[in-house]
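As written, the chain order gives the labels A, B, C and D, with residue 1 at the start of each chain.
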Amino acid sequence: MRVKRIKTNLISFKDVRVRFSETDNLGIVWHGNYVKYFEDGREAFGREHNISYLDQKKNRIATPIIKLICDYKLPLHFGEIAKIETTYINTPAVKMIFQYKIINSEGKLVCQGETVQVFVDFNGNLHLKPPPFFEAWKFKKGLL
Amino acid sequence: MRVKRIKTNLISFKDVRVRFSETDNLGIVWHGNYVKYFEDGREAFGREHNISYLDQKKNRIATPIIKLICDYKLPLHFGEIAKIETTYINTPAVKMIFQYKIINSEGKLVCQGETVQVFVDFNGNLHLKPPPFFEAWKFKKGLL
Amino acid sequence: MRVKRIKTNLISFKDVRVRFSETDNLGIVWHGNYVKYFEDGREAFGREHNISYLDQKKNRIATPIIKLICDYKLPLHFGEIAKIETTYINTPAVKMIFQYKIINSEGKLVCQGETVQVFVDFNGNLHLKPPPFFEAWKFKKGLL
Amino acid sequence: MRVKRIKTNLISFKDVRVRFSETDNLGIVWHGNYVKYFEDGREAFGREHNISYLDQKKNRIATPIIKLICDYKLPLHFGEIAKIETTYINTPAVKMIFQYKIINSEGKLVCQGETVQVFVDFNGNLHLKPPPFFEAWKFKKGLL
C-alpha cells in the first residue's frame, strides 16, 4: 500500500539584532517587542515561501491576528543577534498558524510563541472557506 | 462551621485613547500594541492597589513576564477610547497572574489576555518562595 | 487709528504618564519616544480647538510632518507625569507649525521641539493654497 | 610648506527593511520611526568604526542625545528596503554629531537628519573635556 507522504510544515530562519530602543529599564528586550520579532520571522517566511502581506492586499484580503501566545525563557540584551525560527503549521481550518522559536547566539531558546490568523475581506467579513490564492499556495507547496 | 471567606481577585479599570502611532497600515491598532495596553492596565492596578514596579525595585526584585496570551475579537481604531479591565488572579504559586479585558466605547469586548510574572533578584535568580513584600501585600489585601 | 489685534497663537496642555515600555537601557525615556508625546500634545490640541486628524480625513486631506526638531534638556523616568504644552504658531505659509514644551513634575523644562506639517490630497499632491476647512478654522479662531 | 591633511568625516551604510508595525494609518512609515532608523545607522557606524555604546558603558559613560532634527522629503512604505547613510561630523566641541540620509530603492532621498550627543558619567554629570576613550578613538581614526 502506498502512503501519501505530505510535507506538513514549512520553516524559515531570520536573524535580528536587538535595537537599543527595544530594551527597557531592566536592560533587556521589553517583552512586548518580541511580537515585532515574530512579525519579522513571519515576513521572512512569506518572502522565502512566496506568501506575502502584499499578495493578500492584491487579493483584497487581510489576515488579522486573532491569537498570540508567547512564552519567555531567557532575556535578550542590547546588541545580541538572535535567530527567529518560523514554522508554518498546516491545518485544514481556514486559518494560518505560525509557531516561533527565538534562539540566542549561544543556541539557547529565549522565547517561543504562536500566532493564529484568519482571512477577512476589506469590509471586515470573515472568510469561512480558504481564499483561492491561499489554496493555490498550499497546493504549490504540497500542503493540500 | 465557619467558612473562611477570602476575596480571591482584585480588579482595576483604566481608560486609554488610541494613539495615531499605534495604528497600522490597515487603519487599526497593530496587534502588538495591545501588550502596551495590558501594561497600562497592570500599572493602573499597581497604583490603585499599592503594588508597584517601583516597590519591586526598592526591594531589589524584578518581576519579568514569563507568559503572554492575547485573544483578539474586534479591531480598535485611531481616536477610540477603550477601557482596560485588569484582574489580579490569586494563586498559591510564586507568581503574579493578571487577566485583561479591553472594552470599546460600545461596551464590546475587543480583546482579552493574560500575563504571568515571576520574581527574580537583580542577579537573575528565581525566587522559589514569595518575597516578603509580596506576602505582606497579599495579607493586607486579604489574599492569603 | 484702530489697530486690529489678532490672537496669533493658541495653546493646549496635556499630561502624560511615562510608560515602562517607553524607557530604555539607561532607565530613562528613549529619546525617540518624545515624538509620541508631541503627537499626544498635538492631538489634545486638536480636540480642544476643534481641528482633528479625522476632520482632515473627512476632507480627504492628509497633513504629513515635513520637519521635526527636538531639544533635550533633562531625562524623564518611568512613572513620572509630564505636562505637554502645545502651541500653534500662526503663519501665512500653507503649513501647520506646532511648538512643544515638555515640563516635569518639578516644573522644569525636559524637552522642547517643533513640527511642521503640510497639506496633501490623497494622491500625494501638495496643496499650494490653504484648504477651505483650514481657512474656515483659522477664521473661526481669529487667526486670519 | 606641508599642509596637514585630515580626514574630517567618516561614513557608514546600513540597509533597513520597513516593518509592518512601523507603518501607520496612512500606509507609510510613521514619522517617529525614522528615529529608530537613525539609531540603526548610528549603531552600524559604531560597529564598523569601533565606537560602540557598549564601549561607552564599559567606560562608565553615557552619550545621551541632546538634539534631533529630521527633514522628511518622501514617504516609505511597508516592505521597502531603504539605505541609511550615517556620517560622523568631526568637531572640536565635546560632542558627537551624526548626520543621516535615508535613501529609497530608487535612489531618492526620503529623509535627512542630525543628532548631537554629549558625554555624561553615570551620575549624570556632563563631561566638559572629551573622555580618554573618545580621544583615543579620534586619534586612531585620524580625526584629531
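Quick notes
Keep this in mind: a residue touches a chain if its C-beta (ideal position, glycine included) is under 8 Å from a C-beta of that chain, and two chains touch if they have at least 3 such contacts.
All values reported here derive from a predicted model rather than from experimental measurement.
When the partners of chain C are compared with those of chain D, the chains appearing in both lists are A, B. Ranking every chain by how far its Cα centroid lies from the centroid of chain D, the top place goes to B. Averaged C-alpha coordinates put the centre of chain A at 37 Å from the centre of chain C. Per-chain Cα centroids separate chain A from chain B by 26 Å.
A separation of 31 Å divides the Cα centre of chain B from that of chain C.
Under the contact definition stated at the top, the residues of chain D that touch 2 or more other chains are 20-21, 32, 35-36, 39, 78.
Interface residues of chain D, counted against chain B in their complex, comprise 20-21, 23-25, 27, 30, 32, 78. Considering their complex, residues 26, 28, 31-33, 35-36, 39, 62, 64-73, 75, 124 of chain C touch chain D. Looking at the complex, you find that chain D touches chain A at residues 19-21, 35-36, 39-40, 43, 52-54, 78-79.
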